[in-house]
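Letters A, B and C name the chains as they come in the text, with residue numbers starting at 1 for each one.
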Amino acid sequence: MKNKMFDRRGFIKGAGVLGAGLAFPGLVLGQGAKIKVGLMLPYTGTYAPLGVAIENGFRMALGESGGRLGGREVEFYKVDDESEPAKATDNVNRLVTRDKVDVVLGTVHSGVAAGMIRVTKESGTLHIIPNAGVGAATGPLCAPNIVRTSFSNWQSGYAMGAVLAQRKQIRNVVTLTWRYAAGEEFVKGFKDGYAKGGGTIAKELWLPFPNVEFQALLTEIAAARPDAVYSFFAGGGAAKFLRDYAQAGLKDKIPLVGPGFLTDGVLDAAGEAAQGIETCLHYADSLNTKRDNDFRAAYAKAHKMQPDVYAVQGYDSGLLLAAALKSVGGRIEDKKAVVAAMEKVTVDSPRGKWHLSKAHNPVQDIYLRRVSGKENKYVGVAVKALDDDPASIAACKMS
Amino acid sequence: MGMSRSALALALCVAALALVPLAAETFYVQFFAKIMIMAIFAMSLDLLLGYAGLVSFGHAAFYGAAGYALALTTPQYQAASFWTSLPLAVAASALLALAIGFFVVRTRGIYFIMVTLAFAQMLFFLFYDTKIAGGNDGIYIDVRPVADLAGWRPFSLDDYRHVYWLALAFLAAVYLLLRAVLRSPFGRVVSGIRVNEQRMISLGYPTFRYKLACFVISGAIAGIAGYLAAVQFGVVNPETMGWHLSAAVMMMVILGGMGTLLGPVLGAAAWMLLELGLQGLPEAGGVNLGKHWQMFMGLFIVVATLVLPHGLVGLARSLRRPAERNNG
Amino acid sequence: MDLHTFLIQLLNGVQYGLLLFLVASGLTLVFGIMGIINVAHGSFYMIGAYLAWSLTARLGSFWIAVPAAIVITAAVGVLLEWLVIRRLYGRDHLYQVLLTYGLILVFEEMRSLLWGDDVRGVPVPASLDASIPLSDTLSYPVYRLFISGVCLAVALLIVWVIQRTRLGMTIRAGAVDRQMVQSLGIDVHALYRVVFAGGITLAAFAGMVSAPVSAIAPGMGNPVLVLSFVIIVIGGMGSVKGAMLASLLIGLVDTFGKVMHLEIAGVRVLPELSSMTVYLLMAVVLLWRPEGIFGRRT
């Protein structure tokens, strides 16, 4: 409820418009003085809690700069993307051409994000991706007006590979994931990181998405007897996989590792089966820095629940946008200047400091975490200041 | 008399619609273009539902196939030719309809529904699970097809207004084509099969071939719609073959009135406007109605199937009928 | 694949098939007896699973939650039949598909309002929370064997009810000749209400029983629904025997499709295209017997 107040305040207060105009005389402000922010996030379906967390985080960051961006009032436009790629272009078009927003925030689902990019790349609208880790967004599909504040799938895969390569008793690994873009990118990252440290992949197993009948593949794993299993599933699939893995008696015999999404948001559903599992991600519970503790306390107070990685990504999106607009004096119409400012910002995030790479993906520390109770507990830094996949960076040609 | 009057009305409608891009905002021009594309798609399905009595629950397969055909034949960073890529895409849809139809037309009733759904799902998974065309993220058409003819470019698909006019032209053309098909002896046989297949068999008609031909024509027209949709935004993904789209287009046909050609067009417009409206629902009594818009969509579907079995066209007719009786 | 692994995979396939049977049997009964195609059947699988989760948490025991959930879903079934489904009798299948599709959207949103959009899990009941070692690395969860046992028991129960009881006789007669049954003074509407409620309760029951080994998540009913369709097409509409055979076939095809490696002309076909195998199986059956293996020729 409290959240929604920002909207209304944004609509009611006309005075701020005048204020912004006075503060920057001589500026021609494009479409009125309010900055129009379009939120295209999942508000229905499996990803709905993620969309809400991102919005909460984003609004919280804006709240910290007085609910304004570069001194200008903010007006929100929302579209439910339903995590439905088929509707992605239609939906983002509502924000871009109908509502004529200055900046779009979205989204969680990689396929939907790819559809959004198609439109924002053409229209030139500022586009902040607060989650979708699809490599292409900051690779072949990259554009000056598109930035990502979350991660690329490759990053967390690579970090886990680097960690396992250092463990001398683990010499051969089986990978298992859904056969779709995100799964393949995690596995590629893992292989890159693991091969660099001299490890070999014994077997790559795949499951059609979103199939959750794992038993046959668990039997394969038991027969192959690897030293470890690297696996990616998310949401309902992850919860079921963790339980099946434990019930098949594999958990205590063959260590299971994966990207953070294997255990994020499913600890309640997975229960005992998730305990002790190690994952890599750009955020962890109990990082125990002052910055993170303050953020968590404030978020918990405002929303009556603990923040997760999605809330942090939403929050960072707000921080990045606010910092950039502050340095250009709110002139969001000058996109070149805004983008240049974004590229210079070092975001002081609850996850730790990070900045944008040349391809507009965060250069950030990736953490190793271990599940303990209802938390993904911080274990250590897996890789410091990791950039994206070199192949992806090379494929990004900003014109 | 009635014929020429309806032809005049149709011409006037098309002319009025052609003026829209000159006045309306970009978003609405694109939105109406999408409605017309869906209208073409719905008309193609109506040929099966309303005329042949074949309830296809996997019609999106043919819509999506044309988009994929365009995406896969477009060279990277270069434009395909509109004049070759459109026939190619439509042919791909027609061929697919022929292959699937060969299996499904053997079945009827509930079976037909389930089997068409299952085949569409199979194709969905083919594109979803393999790297043939970008997997579940879909595939981009980086450069839209160009319509150059010997150095002359009659229209540009990069201009949203041209896409609108193109969709309008195809809508009118498909309408006229289907009307001709339905009035032909072929159309009469197809209707006859719907009413009483045994009778048509005993009259010596090879009903399997007629139904298959109908299935292929319908698939090809769905391909036109799929091609235009792929051109409009330049992206194709597996969901364009998904069963939610198949169900939505079915609903458009019913909502407008099946077994009429105008019905699907009205249905497509009503459906898409409804979706746009429901998503914009405000918050009321602490519940964000817009967040649960699909609930209202669902309830609407339930109520509409119960009270509007003949769609908007049927409603209009039943409203007019008593009036006519009074007059004459 | 050595013999040992092969046998375990065989077991996996059979167990998966038995679970699919539980969902598909309800669908095939409603089809066969009432002539109604219920696309929202998968939603009841989801509702069953969510009910099992929510009632287990509330009542403290899975074993109390399941009977309670059965009563609730049966009541919902009766209510739903009275409210909407009975208006579909004798109408074109098209309307049945659409109306029940609309119900999917309604149920999904009601689930969202009642239970939220999070993924849930139900712990395996303590009495069955054990594993049987099969090899030095792999062991088999007892609960999975329990599910198989339950599925077999339900299958036998269905056959017994239909073949041996008075209710079953009426049902069989009603499926063949509605008028005749009515003229004998039997209330066909009440009969249909029972069948519909029973059918969806079977789907919900499948969701409940599998809840401890499944991820309880939004939209979980959709893939199950489509597989159930395939099972019915293969097995033959209204045939419980056919549904059983087809379920087992699909369980095996799916299991081995995922783990076998097959190359045709240098192109890897399996496991790359494993999600398509069940549909290919369906296509073959359609060519061979369009009415399904145990279907009645019409």
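The working rule: contacts are C-beta pairs under 8 Å (C-beta built on N, C-alpha and C of every residue); 3 or more make two chains touch, one makes a residue touch a chain.
Here the structure is a predicted model, which is why all the values come from computation and not from measurement.
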Chain separated most widely from chain C, comparing mean CA positions: A
Winner on C-beta contact pairs when B-C is weighed against A-B: B-C
Chain A and chain B, separation of their C-alpha mean positions in angstrom: 36
Chain centre separation in whole Å, for chain C relative to chain B (CA means): 32
Where chain B touches two or more other chains at once, by residue number: 125, 128-129, 292, 294
Chain C: positions in contact with at least two other chains: 108-109, 112, 272, 275
Per-residue multi-chain contacts in chain A, two or more chains: 44, 179, 208
Complex interface listing, chain B residues touching chain A: 25-28, 30, 34, 125, 128-129, 134-138, 140, 232-235, 237-240, 242, 244-245, 279, 283, 286, 290-294
Interface residues, chain A side, partner chain C - complex: 44-49, 179, 206-208, 210-213, 215-223, 225, 235-240, 243-244, 247-250, 253-254, 265-266, 268-272
List of chain C residues in touch with chain A within their complex: 1-2, 4-5, 8-9, 12-13, 15-16, 108-109, 112, 116-121, 123-124, 131, 133, 135, 137-141, 143-144, 213-220, 223, 254-256, 258-259, 271-272, 274-275
Residue numbers on chain B that touch chain C, as the complex places them: 49, 55, 57, 103-104, 106-111, 113-115, 117-119, 121-122, 125-126, 128-130, 243, 247, 250-251, 254, 258, 292, 294-295, 297-302, 305-306, 309
Residue numbers on chain C that touch chain B, as the complex places them: 31, 35, 37, 84, 87, 91-95, 97-99, 101-110, 112-113, 226, 229-230, 232-233, 237, 272-273, 275-276, 279-280, 282-283, 286-287, 290-292, 298
